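Each chain carries a letter (A, B, C, D, E and F) given by its place in the written order, and its residues are counted from 1.
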Amino acid sequence: MDAIYQLIHDYCPTMPDWLALALAILLPIAIVMGVFLTVFALLTWVERKALGRIQNRRGPNRVGPVGLFQPIADGLKLLTKEDIVPNAADKVVHFLAPVLVVVPAFMVLAVVPVAKGFIAVDLNIGVLFALAVSTASVLALFMAGWASHNKFSLLGAMRGVAQVVSYEVPMVLAAVVVLMASGSLSSVSIVEAQRGLTGWFVCKPWGLVGFVIFQLCAMAEVARTPFDLPEAESEIVAGYHTEYSGFKFALFQMGEYVAAITMGGITVTMFLGGYLGPGCDLPKFGWLISACWFFAKLGIIVVINIWARGTWPRVRVDQLLGFAWKLLLPLSLVNIVAMAVWHFAPNKLVGWVESAVLLAVAIVALVKINAGQTFEKRSYRFTS
Amino acid sequence: MNELVKQQWLIPFLPLVAAAVQSLLPRKARKLSAGICLTAMGASCVLALRAFVGTLGHHEAERAVWNFVWFDYGTTRLQLGFILDPMTAAMALMVTFVGFWIFVNATGYMSDDENFTRFFCFLSLFAAAMLGLVVANNLLMLFMCWELVGLCSYLLIGFWYFKPSAATAMKKAFITTRIGDVGFFLGILMLSWQAGTLNLYDGGNGALEQAGKLAGLHGWFGWSMATTIAVLLFIGAMGKSAQFPLHVWLPDAMEGPTPVSALIHAATMVAAGVFMVGRMFALFTAGGSAEHPTFAMDMVLWVGCFTALFSATIAVGQFDIKRALAYSTCSQLGFMMMALGAGGLVPGQFHLLTHAFFKALLFLGSGCVIIGTHHEQDMRKMGGLRKYMPITFWCYLIGMLALAGVPPFAGFFSKDEVLLVTFQRSKVAWGLATFAAFLTAFYMTRQMFMVFAGKWRGGHHEPHEVRWNMWLPIAVLSVFAIGLGFFGGKYEHYLGVHEEELHGKSLVMGLSVAVGAAGILLGWLMYGRKTMAHAEEPDPLEVKLGALFTCLNRKWYVDEFYDATIIRATMLLGEFWRVFDNRVIDGILHGIAWTAWGVSQVVRWVGDEFVINGGFDAGCEGVRLTGREFAKLQTGRIQGYLRILCLGAVILLVIWYLK
Amino acid sequence: MSATGIIQTQTLEVSLGPQHPSTHGVFRMDVVLDGEYVVKLKPVMGYLHRNHEQLAEKMTWLGSMPYTDRLDYFCSMTNNWAYALAVEKMTGLKVPERAEYIRVIMAELTRLLNHSCAIGFLLSDCGAWFTPVLYALREREWILDFFETVSGARMMCNYMRFGGVRVDLDDASLAMARNIVARWPAFLDEFEKLMTENEVLLARTQRVGILSRNLAINASVSGPVARASGVEYDIRKVDKYGVYDRFDFGVPVGEAGDTFDRYMIRILEMREAVKILEQALRDIPAGPFIAPEAKLRNFKVPAGDGYGRIEAPKGELGFYLVSEGGAKPYRYHVRPPSFINLTILEDMCLGQKVADTVIILGSVDIVLGEVDR
Amino acid sequence: MAVDPNLKSELQKQGIFVMPVEFLYNWSRKSSLWPIQFGLACCAIEMIAAAAARHDMARFGAEVFRASPRQADLMIVSGTVTKKMAPQVVRLYNQMPEPKYVIAMGACAISGGPFKDGYNVLKGVDRYIPVDIHIPGCPPRPEALLHALMTLQEKISKQHLNEVSWYDKNAPSEFPVPQYGAHDLEPPANPKVWEPPKK
Amino acid sequence: MSVPLGYYLMLGGVLFCIGLCGALTRKNAIAVLMSIEIMFNAAILNFVVFWYYLHNGALTGQMFALFAIAVAAAESAVGLALVISVYRHYRSVDVDEMKALKG
Amino acid sequence: MNIVFLTLSAIMVLGAVLAVTLRNLVHCLLALVVFFLGIAGHFFLLKADFLGAAQILIYIGAVAVLILFAIMLTRNISGTEGGRSSLGGAWWLGVGLASSLAGMMCVFVRRSELVTKLPYGATEEGVVKEIGKLLVTDWVVPLEIMAVLLTAALIGAVVIALEEEKKR
């Protein structure tokens, strides 16, 4: 922020101070938002294309080159659609809910370091802020479901609330590991703590486990398949946004996708070294290269999301919650212990082995405990 | 050593954690529960051993303390602290070691109890409390642990609370020790008041380090302040260590499971009193000298002496195997107190240690016997167990010989020292104690013969040897019951107390050996030559002593005496107040009412009915209405109360504002 | 008392359908939910009641044949066959051997088609975002191409005739069929890799919607649903109609009777169907494809009644016909497997979660055209 | 506001383009036709087939089948509409937000098809709701559906902002939902969208 | 920031009293609980305010606020559990109806 | 005076007032959330970032959701209080008392010498780290007690809520 302020000051000394300050504050936000909105639009296209690939189809290809303008068409269409508010609905809440879905998703963006030296606000509680704000989406979700006065919406909202609240816990615990390793809550410091050839936290046993937990929780938090119960089509029509049409629905979609992206951004920041990568420290184009690295990593996360969506059925609600409480939560607690073991180990190798063994044992044990009651091998007889 | 003291807290902490974990375990987790407790206790034992080793190298009476502020409010700060000195180290080691083996034994003894985990929870808590008491460098912490010990004993004695006798016993133990605790608490308060601190040692500012100063102040009854406090503290010790007249709870405490008895009687609770007196020894002796001991010392001496003899006589007449042992414990505690009262800190503490080992051995042995004979406790219905339970027999024999003071077992050395130091102080006390020692040898011999000799009198169920987890502890403990006595000389050195050369050593030693031998001989003569043939046969001693034996068997009627005096008096007082309340107070009220009624009758009859009556009616109506209105406040509705609260706040603020 | 047994809550009445993504058409379930648990379920049918039986009674015998196509619109071939079988029984027409072989080929191809789509939809109900359906439909297109080549229509083939089939199979179409059969196992392997090895699917389907053997028998459930519950009942084996006694194939039978078993039974039945098809395509004899005495015009059926049944992909499909000797049936009744199988829906769903009812319904594999007729 | 062609060309000469707005509007609607996930009978299977690998409606941006009518633009009435189902169909149509389109797929949806004689079969869904495209066939092939879709796109791209019904205050926003009367559905048809053929 | 301390204190007081008002007047137990949350928050705000104005350097005020937040969370959990439990008894969450001491 | 302060405070007071006056409980809850957000905003203003985030996380993420579930579990889904008044009998008394208390408080604040007090130089950096350190050093005992309290509250809440089931 200071740098931009300085820049404005240098290039345009006549500009009044308050304007320069406002610009210095607003400019990064505008850029980040613009970038991520583009990414959002791209993501919907990528998702439809990728799903098409997975399903042996071609996907949209009539609108613009290889269907690239599809998101624009969708957006424009939704914008011009009639906005229906059901008679029984709670008008105010019904109106506020989609707005509240989008706002936290964008607020999280503020603390994602997109490139070297480029972050909207470098809060010293960055990660905590991100986690805190993303919880707020629960309420929006519930408001949407409740205000619609539709039973499917309500079911979806209740599911969503239970799901987000449950997954919040292992998610925060998984993030704790990173905070322990980097000794800071600031997202930039976390990225900077991951320098080095194997510096990315995902390259460490606890980091890998933390990454997986965090990624799963992030998917659940933003209700992506296989955790998309709040909007489970085959069960409760469209879940909490059943009664939303037009641009409000678009806002829901946007909130969901932007949340997915920002969650991916947080994941990248915390575990995948953020914008770090070869060449990110170059004096001139370092920021560009680092941005490329960041978005490349983000792309991987996003593709994983889509991939999961195309291939996995949805889990049931009790399995969903059981998974969080019975598997992820204990595992994330063990993971914290593993991190401590790593930290206090006399040398790197010992720490590696110890924490890896600890985690392996924990995973095997937990999977055994949980899977024992779920799967069984069946055999069938043939009569003739 | 200064580093070690900072880890002293771990010693009680581990069993405490174990207890906490136990409380969360499901009932079914028996193995896990036992495993956790044993691990915690074993770890504590290792820590205690380390502390002990740490104190070994030092030849002076060195102590390390570590005090810290618990919390402070205003100018007052409450401190807690830990101490590490030879006495603590030895005691902690004893408690953890003996406790560990008792735990092992308990896994066998309680193996078919459904509340296994609860039992181990309490047991761990008990051990933790006792260890906390041992390592405390602070009377406040000592008192907290002291009360916790009391609570645990309450819980454990009444572990089988569904038995009415156990329920009674648990209450009895709790209330009796509480009586002593009143004194103890008063002593603590006075100490805090006078010394300004409850820390025992604090680099010259501790309470014990101020004993000399306290001895110069005037207390109650013309005693010095130090003596007053010491006497009050000793009352607490009397309750906890079951000294006459507060000894009545101890034998009843046998209602608990046998490992609990072992723990209470050997390692923890009763030892607490003796240990506390030893710990506060500086306060007891302050202001006195060898020639003119303080009143506190005299009190300790004579209470101990009397208890030793008194309990020994009772023990002679008991048929319950555990009860006999319980009175034996009482008696031995008397010995310890006596030694302390005679100024012998080392003999008292040393006897405490050796006694812990062989008494734990005896109790666990009796537990084995009880299990082996299918929960039979009456010695008359035993007999001939030597054949059936050889391991238990041999261990028990060692314990018995140690208690009887037969050389070279541990009891001989410690008891000899006790007698020796008493001999220095008072020939009378020494004589009584020697007689008590004779009785000790006698009743133990009696017990041995009744239980192990002769043939099985218990009926159809043949007794059997117990499993390894029950006999292993007594085997281990018997090793110590043999060998520990040889460290007597070293122990004195270790404690760092240099006592002058005592005279009459050979006389006392010779006499005590002789007395022990005589006791055993008499026992053999009466019980060994011709063993009891069947359970209904009268006791040979009963034949000889007649009514006196009944008297002994009924414990000199102390309980009955208490029933007849104190309890009756309390009941009477209560009854009196009830009657007083009914008759006098109510009478006065009724009288007032009747008078008022009468007056009103007269007034109505005499006076102007309309004027007065009208006014009165209005007044009454007013009162009634007010009452009704106020009754509305008492609605049970929280919001109503909150409103009144708020109203009060507003009124207060207004008043303040106007002021 | 709540089904969850933990916190008592208000129940919620939800109407799933008639327009609902997972009701496979216009079917409605009035579900009473306690939280997520189903405490009451009432199936409401009739949204696709197209008066099939009534129309058939006004139609000539052969005139009803195209209508049978539209009963179970996945399996027009088997529907044709069952109807033809009933009429052949009444008239005593003898079907030539080649025609029987062609019928078996068509029926088993229909089985492949139906089962693959049924499983695909089942998994789509699990929330698998259409991917399995689209895989199934991709393969279905090949079979439909074959049907179209033979009969001229993709779905509503109207292919069977009393006493044989309408058009003969030429070598080119036989090669086409062989091609389909040859590639089917590979498709199945791919499908199983996507699905059977998917932990989420296992977790969703195992021990969900258990149908006991007794209830299955008592409710006269048939087809893969019954066999998944351990009922060894397959009309191909029991009646040995057509030329099924000449083929070597097994009938897979499950134990648990849950949704997973119903899924697996269909997979295994497809593998068996591939075996039958291989044998049939290998052994198909030359000869007439329709009985020479069969006539299409002025077709009359002697007075009396008859019941023809086959093992349709969904279960026992039967036609009960009563004739007065005229050109039209006096009574025309269909015993549709979907409808009968649907009767046990509530028993399977009670106490399950709402998400389960959806896949239980999917695993029963109904087609509303057949349910409502 | 009606902009007549003369005025438009006049404006264009002066550099003001009305066309692109309308073009964008139409373009966005036609390239993003989200059908409601709603199948009635046999034709529904062919509708799914049209979305499947070989035919792939997704190419036109129309594969986003929405389960909720609130989010759909296009209703494909795929199959026989019975009299029990007709109210639901109309209700669903009412629940869809404007602008909305209907494709009547298959003979049954157009006229009752082979089941026309049935007492329970509605003789054409266009009696109650305005149908944009009729596809004949029993059932129509997926290609026919794609053709219908493209025809609809053409139709959309020819619409003019000033003529479309949904900005017309007088145009009905909700169509009456038929109810079961004494003998049949009441009303038997919606006069606003259908008039009986003159005999 | 040039807001004097007094304004914050007044804000805290007013908020507290709004909460109090709710706690005094609402009939619904959940609403009462919500009002109590408002009172809690007003108090927590004051902790932070006093820390910011008076005790800068030491973090006692923040720590206290932190603990108060945690306690409030526990309080609301137990309180709502009680409300649910009470609701089962009375089929109502009206505080006026909860006046009998036994269930 | 600071505009941000005034705006935030106005929003908060509005939220609080709505939270205690609205009839529909769910609306109350939403107003309460606004109030919570305002408090968090004030925390940020007062440079207590960590507390602000914690406030959002705990109050909005947890407490509000908890209340939500309670509302859902205890009444009909719509959350309205039915036809009856949402206020208790002597509501005027409560309002009067509360407002007079508020008035008195303001009067006392005005009278005290704190009223014009301005802040010391604010520390911004490293507060989070400092809090973390303090939590595990000086404040470790309260922290532990808090942990025990939370556990106890959790178990207690579960037990209370499950109580009914046991009786059956």
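Convention: contacts are C-beta pairs under 8 Å (C-beta built on N, C-alpha and C of every residue); 3 or more make two chains touch, one makes a residue touch a chain.
All of these numbers come straight from a predicted model, not from anything done at the bench.
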Quiz item: Where the contacts of chain D and chain E overlap, which chains show up?
Solution: none
Exercise. Consider the two chain pairs C-D and E-F; indicate the one with the greater count of contacting C-beta pairs.
Key: E-F
Practice problem: Just grab the chain with the largest centre-to-centre distance to chain A, centres being mean Cα coordinates. | Solution: B
Exercise. Average the CA atoms of each chain to get its centre, and name the chain whose centre is farthest from that of chain F.
Key: C
Self-check item: Geometric centre distance via CA averages, chain C-chain A, whole Å
Solution: 43
Practice problem: Using mean C-alpha positions as chain centres, tell me how far chain B is from chain F in Å, no decimals. | Solution: 51
Quiz item: Measuring from the mean C-alpha position of chain C to the mean C-alpha position of chain E, what distance in angstrom results?
Solution: 63
Practice problem: State, to the nearest whole Å, the distance from the C-alpha centre of chain B to the C-alpha centre of chain C. | Solution: 83
Quiz prompt | Residues of chain E whose C-beta touches two or more other chains | solution = 20, 23-25, 84, 88, 95-96
Exercise. For chain A, write out the residues touching at least two other chains, lowest number first.
Key: 55-57, 154, 233, 237
Quiz item: Can you list the residues of chain F that touch 2 or more other chains?
Solution: 50, 54, 62, 69, 72-73, 77, 88, 93-94, 97-98, 101, 105, 127, 161, 164
Quiz item: Any idea which chain D residues touch chain C in the complex?
Solution: 36-42, 44-46, 48-49, 51-54, 67, 69, 79-80, 82, 84-85, 88, 92, 114-115, 117-121, 138-139, 141
Self-check item: Parts of chain E lying in touch with chain B, wherever the complex brings them together
Solution: 20, 23-25, 32, 95-96, 98-101
Quiz item: If you look only at chain C, which of its residues touch chain A in the complex?
Solution: 12-14, 20-22, 33, 36, 123-131, 134-135, 138, 194, 198-204, 206, 232, 234, 237, 248-256, 260-261, 264-265, 268, 272, 353-356, 358
Practice problem: Quick one: which bits of chain A touch chain F in the complex? Just the residue numbers, please. | Solution: 90, 93, 96, 123-125, 128-129, 131-133, 135-136, 138-139, 142-143, 146, 149, 154, 158, 161, 165, 168, 183-185
Self-check item: chain D partner contacts - residues on chain A that touch it in the complex
Solution: 48, 52, 55-63, 67, 69-70, 72-77, 80-84, 233, 237-238, 241-246, 249
